[in-house]
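Presented below are the structures under discussion, each in the form of structure tokens.
The following pair of complexes shares a single chain, subunit A, combined with subunit B in the former and subunit C in the latter.
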Partner chain A sequence: MSDQRTGTGAGDGTAPGPAASTAGGHEELDALWDDPPGLWGRLRAVQNDKVGTRLVLTGFFFLLLGGTVDSFVMRLQLARPEQDIVSPQLYNEMFTNHGSVTMFLVILPIFEGFAILLLPTMLGSREMPFPRLGAFSYWTFLFGGLLYYSATLFQLVPDAGWFAYTPLSLNEFSPDLALDFWVLGLGVAEVGAIAAAVEIIIGILKMRAPGMTLTRMPLYAWAMLVTAFMILFAFTPLIVGSLLLELERGFHMPFFDPDRGGSSLLWQHLFWIFGHPEVYIQFLPATGVVSMVLPVMVRRRIAGYTWMVAALVAIGFLSFGLWAHHMFTVGLPGVVLAFFAAASMVIAIPAGVQIFSWLATIWNGRVRWNTAFLFVVGFLVIFVAGGITGVMVAAVPFDQQAHDSYFVVAHLHYVLIGGVAFPMFAGVHYWFPKFTGRLMDERLGRLSFWLLFLGVNVTFFPMHIVGLLGMPRRVYTYPEEYGWGVYNLISSLGLLLIIPGLGLFVLNLAWSLRRGEEAGNDPWGADTLEWATTSPPAQHGWTVPPIVHSRHPLWDQDDLHRGEPQVERLVHALAEWPLRWRAALVIGTGDARPVEIFRVSGPSIWPLATALGVVGIFASELLKLRWGIVASAVVVVVCALAWNRPDPPPMTRDEELDFERTHGVPVRAYGSLVVPRWGMGLAILFASIFFGSLLLGYFYLRLENPVWPPEGVVEPSLLVAGISTLLVVAGAGSVYGGLRAIREDDTGGLLRGLLAGTAAAAVGGAILVVDLLGLDFGSTDHSYGAIFHTLASASLVVVLFACIMACSTAVYAAKGHYHAYRLSPVDNVSRFWIAAAVLWVLSIGTLYLSPYLT
Partner chain B sequence: MVLLASALDPAGPAARDIDDLWRLLLWFGSAVMVLVAVLLVVALRRGHRRALAEPDATETGPDDPQGTGVRPWLAGGGVALPAVGVVVVLVATIFAMRATADAAPDDALVVDVTGHQWWWEVEYPDTGVVTANEVHVPAGEPVTLVLRSSDVIHSFWVPELAGKLDALPDHANRLVIEADEPGAYDGACAEFCGLQHANMAITVVAHEPADFEAWLAEQAQPAVEPSSAAAEEGLELVRAADCARCHTVRGTDADGERGPDLTHLASRRRIAGGALRLDADSLTRWLRDPHEVKEGTSMPDPELSDAEVEALVAYLEGLR
Partner chain C sequence: MSATDPASPRIAEEPPDNPSTIRLWVLLLAGPVLWIGHFMVVYLFAEAACAARESDDIPFFGTGAIVTIVVASTLVAAGLTALATVAAWRGTRGREADATAMGWAGVLLGALSIVAILAVGLPALAIDPC
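Let's turn to the complex of A and B:
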């Protein structure tokens, strides 16, 4: 490893790449995209660098607060047999906290925040599509984490593990509020995770530089795209599971209590449908980071880009087919076990493609030994070891020995530290200069790498052995005579390497931030767009957005702003009048041709206010203030309406048309047509997954209960279901009629459609409410009643949202806001109504018809 | 070696089948690990030499989207190698599953094992014998354990004999175990079940079949009469104090059902879910303050004087 000859980074061996043009009102744009100053300005901040940095730092703060101290104390307690440094209660609280914090409050916000920070610059756009949603995501995440952590102040720390298995997590066995802090605090953070995922999906698909087709997109963006979809599909069932758990804990509705028709395993299914994809949700962004850092450090294009994309997508799909491998010991039938074993093992193939692509890239490359690359190499070694033990625990009979033993603790830490933390360290060393303008110190970096690499192996390798010797997980002590002491001692001693390793890393950050070597734009000779901008990038990222012709624009292009004359004029126009407002470009998903220019929303206090409303709902439930739930829900609705209030457009219709004639691309200064449509599409997808999970719960409970509905319960009235469903469907039809009217510029027709639709659906909803109130079974006696009331209420809430949206749209319609050329909100409301009607038909149909189908 | 409870040291057919699978996994996994490590070292050395040879090279190689130049790496190492590995491991897994799933014959002994927070209740339904934290079985014969839980989810794991299986509150799971030789095989609850999950040990004790029958017959007897004045006084305390509310001593009028059956307490190895070895000192410590030994246990503080504790210990020690 000879630094002198092969260099450590800083500009060696690379010709200066093309730089971004800052011509034409750079300062003015910078100010235009910056957040307002002062405390009030900070509360209204939406700028992606700020929101992203906040998410990353807050995740890191939560890690220091909980994730690390806990693990040190736990290793101290287990270092010798039969110690009582901590009480069993404290030990159980600590491993619960360690798992919950790292899985929900650390890795996820760090990766989502980093994506929000990095993606616009990397993709050559100016902002994320919904800056206010990004800010909302940050506030909900922060408040959720604080709500969760506030349990400590009340001495009500959750103690049922990060998985909170029922019945242990039910009132009977966890009677105090500790578990409610867990469900509700993390529930708020989960809302934030989904909001950020929506933002990331649309940002990647619709807001890239012209010419950056899907096949020219950096692998990091691909990884985040797959990850964000996985978050949507995995966190939604978890939110449903958390909702059911809290309904059982707070409202005594039995979903999991076996004595009242519930199922103890339903929670495990809902939890692991989230929980296994969650592992890949953490792993995929890390592979994205490796796929960016490694090729630059070996100065070679990634081997088999297409293979890598296929591998990412394959892992995304497969990860949803193997949740039951966490349940190999609950007594599932053999066929089910074999299926999930096969599905779990097959994921080794896409993972293998990734590993061998990285190996081939190194093989063909020219290695630059520096800290970022060392962490990548460390990642390859530790992650492969963790992957191999992963295939082992997919082998059902072996897992029946290894499951819930220290073997699994070893496996998961190899995967999460090797597979996630090491790439994170590599990414920090790699991108630190971009966002601070300074390089991190190499000597401190290398020392921290070696301490961490050795420390992780010394700590976690012996756990494989002690697990096979019979040591179960989550025990606060163990008897001396079992002979586990020596392995535990070695594990604990490993911390003497890890702690200074982490300390040096933090020290390096602090030192380099002030005194690090000046980095310049592109210290690594890298290939992707973010390295063409200044370090740190301007608030608006790109004054003149780049035009991309290659997967590695900085390696292959001499000029970042050359392209077809039409496109070239367009990107320059983005820096000039009449676009001197927060104008951003939307491109076609696949071909990356410009399709519109729209105004990105600016700083606003409403995301914070809405997040406060959301946390109010959860905190009220925690305090059992039922009126507080309703009041907070009203706050959320009011704030969300204020948040979306349209601003007066900065261009007249004639100016817009003029611009479109000149440049061939429409300007939508009042708001995008494309981006909200995607937003609504993802919102509908979220609602569909939500209802899908509830229906899964319904049919699972039904299969678990041979008598359904329970003895003595009269089947529900088909007449009520029929009439209310007809009214809701008619309402959706009427709103759609309103959309057709405004397409003909008929505002009166739009108003009639919206109001008639709302009236019809309101009557339909009222009929259902009356029927629910008059049913001869309550929600607390049996799981039948519990799931019945939950699904029906969820349908009512969706229709209520639809009505609120229709009314607010009607208000703006009456003011003459909508025209044939400006109907995006109407379009979206109509889509939501149709989705609401479909969900209503499915859930009400299931509830009212299914009891007859015996 | 002091490997009392080890999956690496199987003592019965189910654990041995798993051990065979484990050996295959270990060798195969190690081979893959070594292969990848060697490739990594070779690739790094090559990349390093190339960097030395052309330290200033800016040429970054042709764009190779389909990976044709590196197809041997991707198709061979990335797809074929894991695919072969998966097929081998999956076939071995399915064979091992078939082997371990063999049900016990119809006339095999059936034992009901019920998990409680934080101890195991063990019942022999044919004879009405009830004991705790120990499953006695005849060596060399398959035995069916019917696992249930009275509260939260527990998991029955005796690594030398078989893999683990959960004890659920709403389903009975059946686990077949068989010990080759007489002996004691230690295990523990493997599913986190609350405060004292760490103190929920289980021991399978295998006897020669004839010895097992003798053991069972002995356990079926009612409790022995107290043999000393102190023990006599102890029995009175069982009746008068709250012991009888939760514990059964067959042959007396103590018939509580919440706690472990004490009829043959002194024949057992450990008390308090394995937290203490069974002897006079441990019993004294336990009766003076159960929560000092096992914080959170359901056993309330009996609030006895030293003399009462002594009498009670004298009685309990005699319950062979």
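Let's turn to the complex of A and C:
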């Protein structure tokens, strides 16, 4: 049987795959990993299926709200020339809302949620590494979306376009609160996006089945890994940009106002450093989905796996060198235009590698023409068309003609609908049976595919032509004599195909959920691990985690639990006593050998409470309740501390050691050593990107102002900078000393290190605060003062966080929580302190030294 | 139970990962990291040099100097990327299938990065920089 399945791929879905063992304690484990029942239980839910499904459904809800209703009214308005169904103001609000919702509240949560839902089963692990962080990510995303949408209730809908260019988005031209809803509502959602990205990175790198080395990972996992890193690198500059925009709108700090030394281009840079990678952040998960669906539907291994991995990584990097191609008409130096044009064209190479790899796979395979595959083909056709217009607009002279015309609108909808929406539909048809146990209806599916495929082309193809004829985007109407009427009418008629297509898709979902054909474990004869589990999978996913020897375990392996004797014993032990708690396996990143077993955190109300605190910060700023910001920040800190309160370990130290002697892998029932270390590493990476973006902002403003600091401002005091920096660095050294002490089981030394470090850093911070208060320039007079105060305050906040962490660690240390074998929190706090000191040196050094040096 | 007990392994001292993992990542990512590094260097330099030319009466960098610096750094970056690609190529000769596949992906990424570095930097020869 195994011979038959190797080589050209699996059978037609009839051949039974290798069985996944559910022996021993299946029900018990299922109950152990389930979320508690009732409303209170739902609010505390952290389980990956629940969190993932919620994210996907909420994203889909926002799609129906912002993706379809707005576009229907806009197309109605544009169907004929010189109509006035909607006013220009309402039209502005609609295109702003359409862009903002689809870019921030739809595609990203759907893909992040889907990854959280799917990855553990697909990778052969039981959970994501930080279930509570996943729940937090969902709540922040939901509240952010609702905060943004609540603008509608107050008739304060943002109207400055989805990229909110300054000065249009500043107080002078947008005096009411509409833009604050945009900045703050989406800001909350951005926090959620970053939290989910951290979860996804660590889930992929550290929590896979034993034996699933990096090059045995499904391409979907590679795609999500690259995507999650991109989210971290792209969303952080956006958060910085949003922060500066809100500081200018709410506190009159002039970052973007040229009259006071600011630069309106700084906003465009910060926005597009996020904005262009964002397109690929949406596209890469879609390519991951296609790379899973397509090989199964053509019953053939993907052609060029390594080429695909290289293409995913290449797109991840190259996408960060394209942002200024949105700014070809703002007057950048010629050579800079050339840099960005070249990078924009080179990225077509890895994208092309992917396309040819899929085509080669289809060429070699035997196609099953079902709905999922039809959507894949639709994706290939529409996306290639959008990709080619993308290379066209990468050419500077062409772009300067097509810029801000309907040609660009046609291009981006071909890319996003073809490249992202169609793979989503394919993915839903493909994985629906896994998570519901029922197949989606084929006839409804095909009908909805053809309606959507024809509808999308009828709607968006004429936009290329009308764009080349000169129709600008974002106009609410146009005169008849321009001759644009017929193209716009065709575009609008296309919507009459898209809307029933979407309707049929929703109907199909609802119908199939109740009446669909029973799917069984593996209806497609697929190759990846999730198809070996029951449909829907158990709460804990895997009773006995699988052992992987191939990229296509279900095609190549006869038994999913066969392996080296020791590993085999270990995975079976995971189903039995003494591990009857939420035990999950951590593996080595490269070699995929088990490195530890740790307890995954359980249901908790604190993620929801913390998310409420976060949204409280943003909502208070919206209402200009400045005390509310401080109060909400306190809520966040208190809730985060409660969230991380250690539970009593379910095993004694002797039991842990006993297990370790038998199986050769340490058990950390009190909490992992490896996973939080990665979490802290990514948190430090986030902080570094945050400060990197602020520092780039500083130097950008410095370049824009030939006189720096401005006339009449005295250079800052080097003595203050030197003393406070010395104290903060000494504090970090002292905390590190505490870590060294606890490695020798010296709790007293740990306490001394933590408290002395906190005291030193607090004095250093206080000196800086006193200096800031006594400066002879304010934060509102000139961009110099604005960025000076912002960067200094950011450094103070990081040191404040470090002090809070040290104090909470000291409390637990005094209670005797830490030992030489139990010091993970101390280890991480010490790392954060060192990072905080480095960031302090860089930012305070820049602020106080650069006026002397330049 | 203390850390000095021979039965108790020194958990805190354990390296989090197999050291060869780091080598795998370096082989894979060296090319694109050099690309983004080069890109940011030439972009920030050109932006700063051109801004300085606008505001200063006596420009610090002449047009020729900007082109020379951009092209020189492009050649240096392309050369370094070529070295990294060769190292990844050597990595493909390892016996482990995993290292081979990652090394091969590294070779592909290195080759693409060389093309991308040259494509980004060399047009400076034909364009008025500011």
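Operating definition for what follows: the second predicted complex is superposed on the first by the 840 of 854 C-alpha atoms of A that agree within 3 Å, B and C clash if a C-alpha of one lies under 4 Å from a C-alpha of the other, contacts with A are read in each partner's own complex, and residues count from 1 in each chain.
The rule we apply is simple: a contact is a pair of C-beta atoms (placed from the backbone, for glycine too) under 8 Å apart; a residue touches a chain by one contact, two chains touch by 3 or more.
As the structure is a prediction and not an experimental result, all values here were calculated from the model.
Residue contacts after overlaying the shared chain place A:A338 against subunit B and subunit C alike.
Of the two partner chains, both subunit B and subunit C are touched by A:Y305. After overlaying the two complexes on the shared chain, residue contacts for A:V346 are found with subunit B and with subunit C alike. Judged by the touch definition given at the top, the superposed model places A:D176 against neither subunit B nor subunit C.
Once the two complexes are laid over each other on the shared chain, residue contacts for A:E568 go to neither subunit B nor subunit C. Of the two partner chains placed by the overlay, only subunit C lies in contact with A:A314; subunit B stays clear of it. Once the two structures are superposed, subunit B and subunit C can be ranked by residues of subunit A touched, with B on top. In the superposed model, A:E655 lies in contact with neither subunit B nor subunit C. Within the superposed three-chain model, A:L703 lies in touch with subunit C and out of touch with subunit B [touch as defined at top]. Of the two partner chains, subunit C is the only one that A:R677 touches; subunit B does not reach it.
Shared interface residues of subunit A (contacting subunit B in one complex, subunit C in the other): 215, 305-307, 334, 338, 342, 345-346, 349, 704. Interface of subunit C with subunit A (complex): residues 1-3, 7-12, 14, 16-18, 20-21, 24, 28-29, 32-33, 35-36, 39, 42-43, 46-48, 50-52, 55-56, 66-67, 70, 97-98, 101-102, 104-106, 108-109, 112-113, 115-116, 119-121, 123-124, 127-130. Those residues of subunit A that touch subunit C in the shared complex are 213-216, 305-307, 309-310, 313-314, 316-318, 320-321, 332-336, 338-339, 342-343, 345-346, 349-350, 588-591, 593, 595, 653-654, 657, 660-661, 666, 668, 673-674, 677-678, 703-704, 706, 743-745, 819-821, 823, 827. Against subunit B, the residues of subunit A that register as touching in their complex are 2, 5-7, 12-15, 87-89, 92, 159-161, 165, 167-168, 172-173, 215, 258, 263-265, 298-301, 303-307, 311, 329-331, 334, 337-338, 341-342, 345-346, 348-349, 351-357, 359-360, 362-369, 377, 380-381, 384-385, 388-389, 391-392, 394-405, 468-470, 472-479, 481-483, 525, 527, 550-552, 555-556, 704.
The residues of subunit B lying in touch with subunit A in their complex are 1-8, 15, 17-18, 21-22, 25, 29, 32-33, 36-37, 39-40, 42-44, 46-48, 50-52, 54-58, 60-61, 63-67, 69-71, 73-74, 76-79, 81-83, 85-86, 89-90, 92-94, 96-97, 99-101, 117, 151-153, 155, 157, 159, 162-166, 168-171, 173, 186-198, 274, 295-296.
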